[in-house]
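What follows is a group of structures, each given as structure tokens.
Okay, so chain A shows up in both of these, paired with chain B first and chain C after.
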Partner chain A sequence: MTDALWSLIAFVLTLAVLSYAIGDNPLFRIAIYTFIGISAGYFAAILIDQVIIPRLITPLLSPSASVGLMAIPLLLSLLLLARLSRRLSFLGSLPMAFLVGVGAAVIINGALFGTLFTQVRAAGLPFTPAQSSPSGWLTGIVLLFGTMTTLVYFQFTGRREPGKGIVRSPWVEWMARIGQVFIAITLGAFFAGVILASLTVLIGRLDFILQSINTLAP
Partner chain B sequence: MRSPVATAIAIGVGLIVLLSYLFPLPVLASIRMLFLDWAIILAAVAGLVAILNLFSVHWRKIGSPRERDYYSLFFILGFIFTAILGLLLGPTDERIRPLITSVQLPVEASLVGLLTITFVVSAVRLFALHRSWISGLFLASTIVFLLVGSGIFLTNDTSPVIKEVLTILNILPGAGARGILLGIALGSLLTGLRILLGMDRPYSE
Partner chain C sequence: MNTVVCPQCGSSNPDKNEFCQWCYAPLHPESTSGFGGSESASIDLPDWLKEAGPLPPSPTEASDEELPDWLLSLRQASETSDFGEEIQPTSGEESFLTPDLEKILSADKDEETETLTQPEPLAQEDLTEWISRLQGEEATEEAPFAAESTPLTGQSEEELPEWLKALREQEEPPVPETYVVEGEATSPLPEPEPFVAESLPEWLKDLSTLSEEGKEAETLPTEEVAQGPEVEEAGLITPEAIPPFTEIPENITAWFEETPASIFENRSSGVYESTPTPEEFTPTTELPPTDEIPEESPEVIPAFSEEDYAAWLDHLKIEETLEEGNLAAQIPAFVDNGIAETAPSPETIVPPFIESELPEWLAEAESPAEGAESGVTPAAQLPEWLEAMRPVEAVAPTPPHAEEEDTRIETSGPLAGFQGVLPGEPEALRYSRPPIHAVRLNVSEKQRAYAALLESLVTAESTPTPLRVQKQVTAPSPILRLAITIVLFAILITGWASATPPSALPTLFPAEAVAFATTINNLSAQHPAPRVLVGLDIDAGFLPEIHTATINTLSDLMRQDARLVFLPLQSNAPVLGLAMAQEAAQQIPGYALSEQSVHLGYLAGETTGLAAFAYQPRLGMATTLEGQPAWDTQPLIGVNSLQDFDAILLITDSGERARGWIEQLRPLFSERPFLVISSAQAAPYLAPYVQSEQINGMLTGLLGSILYTRLTPKVGGENLALWSAYQWGSLTIALLILLGALAGATQALFQAQKSRSKR
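Up next, the complex of A and B:
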């Protein structure tokens, strides 16, 4: 009985959301507002249950040496809660500064060691003696050329010329034009991937509607 | 208001964490772990502040005669019901699971399904409004990779020439993606450095 009720709720919500295809309507809005409310409530419960209680409250209540140390995140958390008040929101800038400082360092580390170095190394891999082959070289050259021209496209530095504004050198302009081709092809491929993925999900939903009608119909 | 204390905290903490990555000393590593632990707690509290702010906006919308929005009642009811249930039973409890499988999953999946229609309509509109060689190339690439992704060329009857062409075709987005990825990494690096040098202060009021 309970399962049937939950299936009915899922069926009604699916229909309500898909009804947006014919235009904005109250059913769609009710479904979306309910969904956001439930998601926010669930996310709040996860934050409290999985992070705040085990990482902040429990160490503070336990008789260990780290209690004094945990007073700092407790104080910063209380200051952060001051963001909810318009008058006291300035107090929240200290914990935000801490968060932004740590975040900036983590981002720099991730960008350097996670992306830049690894991608540059991967770009050179087809040219290493261990992996070199005629087709590998060709692939490597196309990849390297595409990567370079794509990066050149985002290079907007130029020389200011009277009457023409900022002008890039002719070879940068040509490289950027080729880079634009690579970007258009890449974004087209991404777009096709997203369409295919969302189409698969849509087919799944339509299949669910048909199955639900078969199950729920007397 | 630009607080020098906040700026000093951001720069100091950021530099310590960055140094701990560059110089793997045990002392720096333990300080980094401590700071990351605190940052996780603060990120959770920041998330909670954002959710409470969202709740207060909808609460105000119900009460305010000028901008009354009756749909906000559904938000409030959904929020209170799930938050109380989640805190009493725990968010991983079996009795909470139907809320995910019967509310969140169907709505999220249906929204993703709706994207199909939105994407196709916007692609057609893009080509109709901006008939340039670049939008044509974008559309052609989309159609080609839709065909490739659909798997119609994955049969045994496909000629070796087409298979070779497909291999070459698959390299092209890889090159662009690597360029875009490197661009994003360079941008992130620059943004992080600007924060650590105190040039950008997103935490200030």
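Up next, the complex of A and C:
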């Protein structure tokens, strides 16, 4: 019974969202507002239940834990709440600076050692003797050429000429045009992936609707 | 080449040279003269006289009509006497006295001549005797100076001037000649210093010689001495010939003190021989102030201008007129008699010293004397119109020729041989025009091009450019959207219902899919009961896409008795993880899900939380989803670091979040397999990591599920209905995109034709 109720609610909400095909309507809005509200509430409950209580409150209340060590995240959290007030918002700059600084350092470190260096090394892999093959060479040349032309496309340095704006040299202009083609292919691949993913989700919802109809139908 | 012989050193020089190349003397003396007089005259004259300008006209040249009445009367009086002729300069010599002064002197001497007895030619002995007594060098001291002078003049004691009286009262040896000459009689000397013969000038030495030779002629009258030809040759006049005076002015005394003795030496020769000595005219005249007399140029002293003499004479006559009564008692008798006899009648005398009847030029000449009397020299002030006409060089810091060195050398005169003598030529005559500089800039074509480019850039920056009006992308009409929706739904439902895909199932498998399936199925062979970290970073909306692949993968892992540790990174991921694990466990009846798997709590902080978990797993996530200590559970016993896991399986629908997993965990987990089940939208983003082997295997979307099912045959694994709908739906979407592109191109063509037709 409970599953049938939750299936009915899911069926109605799915139809309400699909009603956007005919334009913005109250059913769609109700479904969206419900989804946003439930998600926010759920997220808050998860944060309190999975983060604040086990990682801040419980250690503070635990006799074995170091109160002094836990006081630091507590103080930073309270200072972060000060941003709700205009007069005391400056107090929240310290935890924000800490978060931004630590986050930037982590991202930069991961980008360098997890992406940049490894991708540079991978660009030369097709030309290594161990992996050398006609197809590997061709793939490597295409990848290298595509990478170079794509980087050239984002080279905006040029000479400003009167009446023409910023003009790049001819060879840079041609390389940028080729890189633009590679970028278009990449964006097309991303777009195709998004469409296919959405199509799969739509097929899943249609499957759910058809199964719900079969289940709910007498 | 013509040569010119230097007149000074006799050496030969090229004709073109103006100066001797050996002694630097001018080869053409006439060229050095800056004045336009006769060449012979300018050559003969000294430099200072050349620069002084043309000589004044001789008295005979001046007509009588141009002279004032008083001067005419004086001239007439002088013509009656021949005494003036005696003091006229000898022929061929220049006299520095002006004709007026000579007339006056001749008139005064004429009067004296008439007062005295008729003189006879003066004997040499007489002259020497008088001079010897005057010098006071008589060792015998036979008679005082007053006793000797009395019979000569026949004057009474009261008629003598005071200075002469003082001399008599002292009754001392005769005053040395220098005492008289220098005019120090006004102040009696208590102890006259002995005179050194060497310090005397030559002319005085000559006089001393004469006095010694004629000691016998002591009683000769001075009148005879004054007329002697020897006196004329020596240029001397006896004291008796000196006109009477009351006292010597102080300025004259000071002038004599300051004047070097060499002046008087020069007077014995040259052009000054016939001119009166200072002793001759100082008693009767009042010289201009000493500050007007250049000390270092004795030659300039007699060069008084005509105006100075006129002013001096004017002043002299005024004094005589106003103090006539007082002077009468002091003037000696012989002078007084002479004046009385030669004085014309009052009717015939023209009052020349009345200021109202003075000529204008003479009256104006007196004004500077007034300024001099005040002791303040007024500063030179030019009128404004004259200041405005001054050339630029006059106010410039340095004149254009200020730094030029004057290399001209004087060839004659007292300054002969000196270099850099002030030229007689005015500075203004050597004015040269300032250099002319071109106003046009000297720039090259390249600089001109740069300047034009800079100007165009500045102009372009200041010129506003219109913003491009972007076309508003309008959503398709509701009918069109509804039509597309209906078509798409119909095709999907038809495809799902028919379960007949437009194409057969794929037979070629991507390498990452094969690697994924191989790694999952061979994981237990390398690590019995492998410990797998399952990362859940997926939204619930994309679950249908990866649901099949995820369930099949988890079931394969459970079949190998793997220990699964679920780590959610999204808020709803823990619930999805539980649901998928339970669904997969249903396919493996003997798998103990609660013991073999653990669901960690939500990992906050995204990338930062992943980094913390990668470096310190126990600190990064300490509790399970239920709030229990996570590291005490069975799957996590013995795990202290990330390397303690045998494999990592990431289930994600976002390429960005998958990149965070790879960047933070992969460097610390390089030796173990890293597998990914991703949505189709994240596949292009993760493809480079597959190429770089940072991802060892990957399943993508619905196709990945189908491929994994075909690689690991399972009963009922292939969902042909879903695959058929997916195929038909993909074709429909591709067709709709193509139709939309054609419609847009057609619309653009129509708009272009419309715009052309409007033009």
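The definition used in the following text is that the second predicted complex is superposed on the first by the 214 of 218 C-alpha atoms of A that agree within 3 Å, B and C clash if a C-alpha of one lies under 4 Å from a C-alpha of the other, contacts with A are read in each partner's own complex, and residues count from 1 in each chain.
FYI, a residue touches a chain if its C-beta (ideal position, glycine included) is under 8 Å from a C-beta of that chain, and two chains touch if they have at least 3 such contacts.
Since this is a predicted model, take the numbers as computed values, not measurements.
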Partner chain(s) touched by A:I22 [first = chain B, second = chain C, both, neither]: second
Which of chain B and chain C A:R55 touches, first, second, both or neither: both
Which partner, chain B or chain C, touches more chain A residues: B
Contacts of A:L210 with chain B and chain C, given as first, second, both or neither: second
First, second, both or neither for A:T115, with chain B first and chain C second: both
First (chain B), second (chain C), both or neither touched by A:P73: first
Which of chain B and chain C A:R160 touches, first, second, both or neither: second
Chain B versus chain C as contact partner of A:W6, first or second or both or neither: first
Shared contact residues on chain A - chain B and chain C: 18, 21, 39, 42-43, 46-47, 49-51, 55, 102-103, 106-107, 109-111, 113-115, 119, 122, 143, 186, 189-190, 193-197, 199, 201-202, 204-206
Chain C partner contacts - residues on chain A that touch it in the complex: 18, 21-23, 39, 42-43, 46-47, 49-51, 53-55, 102-103, 106-107, 109-111, 113-115, 118-119, 121-122, 125, 143, 160, 162-163, 186, 189-190, 193-197, 199-207, 210
List of chain C residues in touch with chain A within their complex: 453, 456-457, 459-460, 478, 481-482, 485, 488-489, 492-493, 496, 541-545, 547, 571-572, 574, 601-602, 604, 607-608, 611, 622-623, 625, 627, 653, 659-660, 662-664, 666-667, 679-685, 688, 691-694, 701-702, 722, 725-726, 729-730, 733
Chain B - residues contacting chain A, complex: 1, 3, 5-7, 9-18, 21, 34-49, 51-56, 58, 71-72, 74-87, 90-91, 96, 98-117, 119-120, 123, 134, 137-146, 148-150, 168, 171-186, 188-189, 191-193, 195-196, 201-205
Touching residues (chain side chain A, partner chain B) in the complex: 2, 6-7, 9-11, 13-14, 17-18, 20-21, 29-52, 55-56, 69, 72-73, 76-77, 80-81, 83-84, 89-90, 92-116, 119-120, 122-123, 139, 142-151, 153-154, 179-199, 201-202, 204-206, 208
